Amino acid sequence: MASNTVPTSDVEPGESAPSGFENDRSDGTVGGAVRGYLDRLRGGDLGALPAVLGIVVLTALFFSLRPETFLTPLNITNLLIQAAPITLLAMGLVWVLLLGDIDLSAGVVSGVCAAVLAQLLAEVGVPWYIAVLAALLTGAVIGLFTGTLVAMIGIPSFVVTLALFLAFQGVTLRIIGQGGTVPIRDDVIRALTNSYIPVGIGWVLAAAVIVLYAALTLNRWRRQNAEGLTTQPLGIVLARIALIAVVVVGLTAILNADRALSAAIDLQGIPYAIPVVVILLLALTFLLGRTTFGRHVYAVGGNKEAARRAGINVVRIRIMVFVLSSSMAAVSGLVAAARLSSVTPGSGGGNTLLYAVGAAVIGGTSLFGGRGRVRDAVLGGLVIAIIDNGLGLLGVSAYLNYIITGGVLLLAASVDALARRRAAAGRS
Amino acid sequence: MASNTVPTSDVEPGESAPSGFENDRSDGTVGGAVRGYLDRLRGGDLGALPAVLGIVVLTALFFSLRPETFLTPLNITNLLIQAAPITLLAMGLVWVLLLGDIDLSAGVVSGVCAAVLAQLLAEVGVPWYIAVLAALLTGAVIGLFTGTLVAMIGIPSFVVTLALFLAFQGVTLRIIGQGGTVPIRDDVIRALTNSYIPVGIGWVLAAAVIVLYAALTLNRWRRQNAEGLTTQPLGIVLARIALIAVVVVGLTAILNADRALSAAIDLQGIPYAIPVVVILLLALTFLLGRTTFGRHVYAVGGNKEAARRAGINVVRIRIMVFVLSSSMAAVSGLVAAARLSSVTPGSGGGNTLLYAVGAAVIGGTSLFGGRGRVRDAVLGGLVIAIIDNGLGLLGVSAYLNYIITGGVLLLAASVDALARRRAAAGRS
Amino acid sequence: GDDGGSTGGSGGGDAQAEGKVGVILPDTESSPRWESFDRPLLEAAFEEAGVEYDIQNAQGDAQQMQTIANQMITNGATVLAIVNLDNASGAQIQDQAAQQGVATIDYDRLTLGGSAEYYVSFDNTEVGRLQGQGLADCLGDEPANIAFLNGSPDDSNATSFSNGAHEVLDPMTQYTQVAEQAVPGWEPTEALTIFEQMYTQQGGDIQGVLAANDTLANAVIQVLARNNQAGQVPVTGQDASVEGLQNILANRQCMTVYKPAAEEANALAELAIALINGEEDPSIINGESEDPEGDRTVPSVLLDPVTITRDNVSQVVEDGQVSAEDLCTGEYAAACTELGIQ
Amino acid sequence: MSVPRSEDGAPILELRGVTKSFGANQVLHGVDLKVYPGSVTALVGDNGAGKSTLIKSIAGIHPIDSGEFWFDGERVQVTGPRDAAHLGIEVVYQDLALADNLDVVQNMFLGRERTKGAVLDEVSMEQAAKDTLTTLSVRTLKSVRQLVSSLSGGQRQTVAIAKAVLWESKLVILDEPTAALGVAQTRQVLDLVRRLADTGHAVLFITHNMVDVFEVADRVAALYLGRMAADVPISEVDRTQVIELITSGRSGDLGLDQSVFEGA
Amino acid sequence: MSVPRSEDGAPILELRGVTKSFGANQVLHGVDLKVYPGSVTALVGDNGAGKSTLIKSIAGIHPIDSGEFWFDGERVQVTGPRDAAHLGIEVVYQDLALADNLDVVQNMFLGRERTKGAVLDEVSMEQAAKDTLTTLSVRTLKSVRQLVSSLSGGQRQTVAIAKAVLWESKLVILDEPTAALGVAQTRQVLDLVRRLADTGHAVLFITHNMVDVFEVADRVAALYLGRMAADVPISEVDRTQVIELITSGRSGDLGLDQSVFEGA
């Protein structure tokens, strides 16, 4: 068994240098990076593309059908507020889906937490921050309970959360009372969706987001580059920063425009719910992508046994994910309650959960675990909100509304599937 | 590399004979078979045990709480009819779950098929068999559509059926249209749940089932025994036949007893829906356990890639399973419609689907594919129907009803999980 | 319900000359009336008056209703009529509309704590009272066990119905109330099981059933029929649906509460048009309703619900709410002839 | 079945210019290969050289980007494993591909169940499975009704091999079949490979074990970084040459020359 | 780290009377084993003999039914892989156990990620992964940011080995580590095993390859049907004897005698 050293000089290095890792050395040009991206697309790694395409196509469609209303500042503001609760719910569910689990109770948990908030405000009369804390705590405790049943006792999450889905409907009904509603009169809570950040502060916030993003991205690039590791060319990095800047500035401009329908009223500014979503998006993205916890969530979702053998405390990770997801459900419940200024026994019931899971999946999160990102929830939530919003503008009758919503969802999903399938021609 | 022949005479054959397959030779005693069963239980292969235990415990519980009503012939008949639609739905869903897929639209598909039936009877006035055929065909066509989207286009079944869940709600609404409910007046259809097999014929049917089962089981045993293959001892086989006989005779006796509440009326006999469930149970069990198609369904659910490499037409199998499942949904819709003697836009909506999936899972079917049996649907369906039935007798208020149903489901599932977990101490 | 054309200056200041009415119906399950009666009737009324309109259904979801309200306002509605799913969410919608200078009308259900200009309705508590009285009339003075099958536990109107019925029945000491359950989501299949179990538990000793609407009543009737008791036990209902009326014709149901949808729809259309035209005090206003929560009175058009028994089924047909053709099929033809319905 | 034929005869399988990429990663570069009936062809190559990718392309698991397949003198299109099976190609994959939820017998007959009428003929399948496993020297398997998920690594591999040799196929492809096998089992598999070839079947055999190559192979084909470095009778090379071909793509006159890479 | 010690010293790991059943199937029957620091112990045995089960018991994957573990002179309870890792035991499993959805670097550092503050230190992990893989002669891997699902069989095995040797553990257990490796890679792994032992680590090495056993092992332990047939210095046995121990459980004076089975 002679161990021949390989005559590296024999072969051209760019293509098949046997020293390995040649794909890790980017050629540093923008063209190369774009080629790489196209290759990845062809390789079936579509990333956010289908959801973004869905958003673009749907926007174009509804704009052509309702040119005078769909893209007005007023409607865009409405759209974003409409998307907020479902997006927040989906942002928690992504984590559960990453584990390969499901949480059917997330919707009704958001209802329970909202009911707790509303009753504390209305009956007990506590200040808003106590009520919010209590609602979040309720969510966390529920998550702890669910997670323990799933991870420690080992009941399949589908069954646990199906049972809890039923039980929590009863709990909400109990808290609120049969046929009742609890109005929310607290101004701070209602401000979430009914008040707006002053225009000046809005612009400052927008600028801050852009600067922060640019600084972090550039710093990371610099460091990787210094160590000679895989990086994207500077051009691409700058292009991404520019893209983010354009989106943030554009949205801020739209939300800061006067959107009142009658001249007498003054209606402008970013609704407070938007920064809530953005901050949670950034925080959760960081947690999932840049910390050990996030890495372990991916590992548990990809291969539980491998994670266990690698010494990861799988039970703890799963419980924590359920806590996180239920807490996000609580946040979603708060925003939904603020939007309605009330909580009913049916809050969080109905199709809420299915829409949220649908949002995560359309955004690109796999139901089988191990693949997904927090931003999927935002993109998918937007797709669903746009369908809802656009159909509302068209004003179709109930049965058509159901059919069209279903049809559009199907269409969005099949574009994705077809693209992946074409790509899969090159995969096992 | 000397290939030594092993001196088989050196070692005691009963325990570790190196010629292999020693566990395939049963020692032929009943005691050995019982030991083997206990070993399997310890090994985590609980089979139907948790569901059966659930049924027994719940029955005991409700009997102790409502001794004068729960185990009366009237209530048992009610219970069985109440369990029929959910069981039929679950019997189809088991197949989908075996593939590792899910069908969120099964419930509303049952509604669509029932609506087709009702409108054909009411508006067009076709004879009942045409209407039934049309409803079944509707189910099959829907299944074909769903299956094609899932298997050929490759959209995840969760997304496809979520979209169809919405769309079909609209379709039912459309079909039923003005008036909001379509009454079913056809006597044959209504007879399914509202008429009863004459007592004499009922006994003949019961006897036929027992004889058929005994003949098939014994014949199989005889053949395996003749070839010297793994068999259960004759004692166990006979005991199983006896068990089936006792159950069948017992149920027939109960259903044939006079269950009228007032002496003036004569109310007895097996409801026609019961033989429908039994026949479908036997037919589908045969299809799944004894035919190539069933074997391939298990293989696709266990390892799609392995099935593909073994030359199985995975796409065809998946489509056929969806056709089968949607057809079963249609049958379930028929029985539900017969029970209510009308169809409403909400038929098959609400929690129908979740209950049916819950039934399959509690019965022992895995959500991750590859493990499950048709009888799981029946056992799980009974568990759920007993909860519903018993709580109805207790007459608790709505919120408690939700909470208790959820709690009992959770309890049933955790018994199962704990048993498996204890067993898993001996597994990887 | 699609107007198709563009409305032009929807944000324009002079709503005097033109406007647009948005109507949000609550759901498709609490009653078939919303999609099958109100929508076509309202469409007809608005079309006749030549007003632009947009009618949508919130499908039982308060969040959805909020979204639709937003969309209608964006679309340039100047008058918004809602059938609230609950008081608080209804009030929120009305407050938002007011912020945007859009006038609102409460249709069928008064939004307590809301800010609607007008209220058009049948009194829901009165509906319950009629049901209670109807049941009492059918039962007479004999002692009887009665059971309540209420509407969905998360529907505040269901509470009003049952409150009204209790108001009437609770003082009547000859009746024993042996069971009461709410039916989640007004789901008839659930109602069937719930009543089946009530009936079994009482050993069949139930002489009267207060069912909140005709769909629930029909479920009750199926259970009674299976026990050969259909027609022996009076059952109430609501909505005067085809199914309910047929059950009444066949003597299986004792009464239903009829809320002439056409009257209600016409009143709404008239009020909306009045609002668009800036009319003060429309002549149709016939009273006012207390809103204890908002501490105000709302000018109202109050319509009377009607008790329908076998004797006055024809009234529903004459009003055009149900066609004789639909009603008098097959086995019911004879009864129709007998009662002179055509 | 038929008499053994030497490699001078017509090849049963011929690949011409097969290329295959996964996304940006080109794994096979114009690979030519001939496999003859009645002889054992050893396919060797470094880890990641593309051996498994090549045989998965033959089996229809991966569609190829370009190139031709000729089988039994005719040009064929293989679009899936079913096509390959119909041609008479049987494959033991490196990653085995067994359905963990099925037992040994069920796995061995997967896709080709024996039936009596519509009903599965379990009795005859169980018997046949036992017979085949016995010839492969499996002595520690407790039951053929055990789920394959509970088998040891070597037992799984034996089941996969047994599954492939149950069918008398024209071409048997084995991807590192003895990697997890014990001494005695390896012996049996090598004997079996020889026996298959001697009864006229063509065998394509992937291995990293030079001893095995020189024991059973009639020809040796060496892949180097996705290129066919050599495809020669075993008599023309010795062990050192084969190792050189594997690790550097050339050995003396044999193998790829620099121009190949420069031409790329 | 420490100086090499001979097998006369205290064993780092000692098993006493370990038994283990899966349901009705008893796989290990009172197994004793000693592993010494500074030496390589080869664990051999037929397919299904129980080798993998034994090392999974050591690693805490399977709870054992009875028996004792002694580590570094102290009796220990291993209830999970985390316990084993804390003791300083590192294992390469036969079934590899990699997370297919993660890339090579992420898999290699799984469970022991390097961080800077709260943030993962990707840069340093990527660098370390590359260095380790290079010493293992991996030359066909295109990128360390490739998902492991796209790796060839041998590449996967290399990643698993690299993951284990990244940590300087007291005891390294390798379950058939070279099964899928090419010639050059096998060479590197064998050298590595020797190097580990020479720097004072204990190595437990499972293989079916007798050449490898006699090349690197200091001791050889043979399992036969779940019983330890022999645990002796390599110098006391020759190849034929080891094969006899594997296939029949005894060889001359060595091994199990009939009475063991009769006693069971």
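What to note about this one:
Per-chain numbering from 1; labels A, B, C, D and E assigned in written order.
Basically, a contact is a pair of C-beta atoms (placed from the backbone, for glycine too) under 8 Å apart; a residue touches a chain by one contact, two chains touch by 3 or more.
A quick note: this is a predicted structure, and the numbers were derived from the prediction, not measured.
Within the contact network of the assembly, the step distance from subunit C to subunit D comes to 2. More C-beta pairs in contact connect the chains of A-C than those of the other pair, out of B-D and A-C. Chain centres computed from CA atoms place C at the largest separation from subunit E.
Comparing the residue numbers each copy contributes, subunit A and subunit B share more than half of them at their mutual interface.
Centre to centre, using the average C-alpha position, subunit B and subunit D are separated by 43 Å. The distance from the centre of subunit D to the centre of subunit E, with each centre set as the mean of the Cα atoms, comes to 29 Å.
For this pair, subunit A with subunit B, the centres built from the Cα atoms lie 37 Å apart.
Averaged C-alpha coordinates give centres for subunit A and subunit C that are 39 Å from one another. Residue positions of subunit E with contacts to 2 or more other chains are 22, 25, 61, 138-142, 183-184, 186, 210, 225, 243, 247.
The set of subunit B residues touching two or more other chains comprises 1, 4, 6, 18, 23, 173, 305, 397-399, 402, 428. Counting partners per residue, subunit C has 28, 35, 153, 182 as the residues that reach two or more other chains. Interface residues of subunit A facing subunit C in the complex, by the touch rule stated above, are 66, 68-69, 72, 74-75, 78, 82, 85, 173, 178-184, 194, 260-265, 267, 336, 339-347, 349-352, 388-389, 392-399, 401-402.
Of all residues in subunit A, only 104, 149, 153-156, 158-160, 162-171, 173-174, 178, 305, 351, 354, 357-358, 361-362, 366-367, 398-407, 409-410, 413-414, 416-418, 420-421, 424, 428 touch subunit B in the complex they form.
Every residue of subunit B that touches subunit D in the complex is listed here, in rising order: 1, 3-4, 6, 18-24, 223-224, 227, 229-230, 290-292, 295-296, 298-299, 301-303, 305-313, 370-371.
Residue ranges of subunit D in contact with subunit B, taken from their complex: 59, 61, 80-82, 85, 91, 93, 97-102, 106, 110-113, 115, 118-120, 122-123, 126-127, 130, 133-134, 138-146, 183-184, 186-188.
Remark: subunit D residues 22, 25, 45-49, 52-53, 94-95, 138-142, 150-155, 158, 176, 179-186, 208, 210, 225, 243, 246-247 touch subunit E in the complex.
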